[in-house]
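Okay, so chain A shows up in both of these, paired with chain B first and chain C after.
== the complex of A and B ==
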């Protein structure tokens, strides 16, 4: 007799546990203020990443097209995957000394693992991460970027 | 004709049926293949085949400098990236005999505990989903998002944050760091009981997990099962207690231990760890010193003295050991990783034998396997 009661009690307990779970889902079904999902492509304008978000590597240029990179190649040495290539040129200054300047700073986004060692190791703070996160492109070659703008040069006070 | 007949007879007499579970099976959480031998619906034996996501991380480490190794350890057990980073960093610091600032120790432990909660939340999502409760998946990820936001604000990335480096941290934490964690604790304390109502008390869940895949303490020790899976069997293996590192010696906390060792108690151990992690977080936040020092003074090129070094830490899944052999160069001569999931995987055969194939999903889910950590 006892086992029958236990059996029936078990059924009721089981159904009760299911109903208790359903109250949680029911609560969130009704409470429209608790919605956490975002409509992504529509909210693109409002969507703001945190300042430190490691989106992609950039070389900040100021208004007069000056950057801080002197082409020392420390970022290239510190990169674990070879996603940075620094091709530097030699120029002769007005005083007749030979001096190294940056030719092209090539960044392979497709190989980058966003460890942040390049930004950390840069002695002149020439590199930074942007908050751009939409990296999808149709052509793989577009992921190879040149970071220094055409016609840009080293900041004056650093060059002297 | 007679040969054909013989084959049919053999099949009838030996009704063993071998199927592959994986490598593309949703409940193996990655690319893991089980060779399962079935008798009817009952599992006779199970052979795990790993190596589908082998990347040779140990070998790659031999050609990288110590700061560069950090970003590879993220990709071992990607759900406890912080602890992996910490393991290598602590090993390098031990070799160089460097004492990191107190504040760094606290921040490392805080981030580790946050990562542990985030990892257990994702495990809860996936475990619920394996057993047929899709709702869990959404609720768990919703709360995990709060932790990932804290990581994103301070470390710059959400999952693979190479934030702990030999000698300290990559950069200082965000000024909102303390407040956002306190907010999260307040938020999650309110929502964690919902997890219990939704899944723990559920009758279907209880029937599918209780008294299933029982692992004795002896088995846990013999197979080297660490982490919550081992502690559910009564094996006190918490490295935070046994061999305290970073800021764990400064605070007092409870080690979650159960003696039952079945699937339900492996689940319960992880749920209780989330509660305990929040207590640890509060204690660490109260004691964390102010200031802005985030790194010890390090040489630009790190060269370890000749010798062998070992350091272990507690990740979300168990004990991670890092063994570095150095020949005095700036790259290690050999780097061996003792990963928790590799040991936890091979007890599967012992646990599942004699149970039904549907129970196999529950047992493998309760061990919380992360496949890149097995294959590495």
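== the complex of A and C ==
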């Protein structure tokens, strides 16, 4: 007898759970304002990417053209596919000591897989990812970029 | 009755008489056959294509997406563009496939659903063939489709295809029972197998209202079993993308694949229109016994609108089911049929026989 009750109760329980699922999809079906799809080329002007989105590698510069890179080359060593080249330079400080600074920080966008190891391993937080993702160009030489702005220098040098 | 104001029989009879008065009887007969064939072919293509679009839209809205919206306004010609793409694609024949059966299978599938559509009453007087065993005929021809699926799976010479076809066979053989028994409920109520008389018998109220609890139960069993019989999700084990790549139509390309695809949607249309005709009154307007004014107002909406409205409702119900539930496993599928739907149906039929005998339904 108990098995018969279990059978009938099972049918009602099953139907109830199916109806619960259908209510959820039914609600989605009528709530057209909740649509998450973005129409990309049309909304280009107000399109906002997310903070953790990895667009392309940049070296943030402040208003006085200062960056934080001291040219240590750890990013170059950590890059798995060799898309970073650090060419360092040497200067003589006012105390007469020789000091290493960054000459050119070259970034090959064409080889980058956007793994983010360079940003993670940078000891002085000099690198970051921008939100820019429209990388298409007509000449592949344009994909090789120099990250430090011309005439920029390290933040600490300001005190000296 | 008020609903007779939109009778299309005079129109079809005048076409018939025009053909017979201008041609010899053999040619007139042939011309009529060709005319009906062409009309159905166009109807078939248009309905099939727009059901694919409707499914993509419904699915998209249920998943908080937009769906096709680039080709034409709101994506209205997306599926037509897809059809042209498929027409231009190469028809690849597998080297070790059974060539004859491989090429014949899509046609068997599509002809089976084509034959079924012929017996559907679309509106008053708009009915290609009115068999006195209409329901039986539709059930018989629509189950021929599984032969095509089995042949497709077998002749592809591919293990995935064969597994898909075998699953489809097991599924259709078992769900055919539920489809038949749930239709039998209404056949017992109305005492006819002929679709035109069945629709006429719902002039006072639809069977789902007149037949109360057993009819509602039979309606839901029919929609479930019908979904299974058309190989649609959550019963799409024959295709099961994640397990069998595409099941029985893995090896098909181009327009032959499109045939399978269209046949699937037309089978859905067929199941939905049978459900609409048998349970929801077909082209009959909504009539409530005792409310003359309301009934007369409903009669002003043409029967063809009623028919397509009801069919669209059942199709939406089937799409809703498909995009809500996950796919069943093969043992769960057979459990559902043999342990739940079939016993419920058998009890239902005994109850209906008793109800009809005692006259406990709205007459």
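Everything below uses one rule, namely that the second predicted complex is superposed on the first by the 118 of 160 C-alpha atoms of A that agree within 3 Å, B and C clash if a C-alpha of one lies under 4 Å from a C-alpha of the other, contacts with A are read in each partner's own complex, and residues count from 1 in each chain.
The criterion applied here is as follows: a residue touches a chain if its C-beta (ideal position, glycine included) is under 8 Å from a C-beta of that chain, and two chains touch if they have at least 3 such contacts.
Worth saying up front: this structure is predicted, and the values here are computed from it rather than measured.
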{"item": "Per-residue contact with chain A, leading partner among chain C and chain B", "value": "B"}
{"item": "Touching partner for A:44 - first (chain B), second (chain C), both, neither", "value": "neither"}
{"item": "Partner chain(s) touched by A:13 [first = chain B, second = chain C, both, neither]", "value": "first"}
{"item": "First (chain B), second (chain C), both or neither touched by A:21", "value": "both"}
{"item": "Chain B versus chain C as contact partner of A:53, first or second or both or neither", "value": "first"}
{"item": "Chain B versus chain C as contact partner of A:140, first or second or both or neither", "value": "neither"}
{"item": "Partner chain(s) touched by A:32 [first = chain B, second = chain C, both, neither]", "value": "second"}
{"item": "Where chain A meets both chain C and chain B, residue numbers", "value": "18, 21, 24-25, 36"}
{"item": "Residues of chain C defined as touching chain A within the complex", "value": "58, 61-66, 69, 320-321, 323-325, 340, 344"}
{"item": "Of all residues in chain A, those that touch chain B in their complex", "value": "13-15, 17-18, 20-21, 23-25, 36, 49-50, 52-54, 78, 80, 113-117, 120, 129"}
{"item": "Touching residues on chain B, where the partner in the complex is chain A", "value": "64, 67-68, 70-72, 135, 142, 145, 149, 152-157, 160, 162, 170-171, 174, 194, 197-199, 201-204, 206"}
{"item": "Residues of chain A touching chain C in the complex", "value": "11, 18, 21-22, 24-26, 28-29, 32, 34-37, 39"}
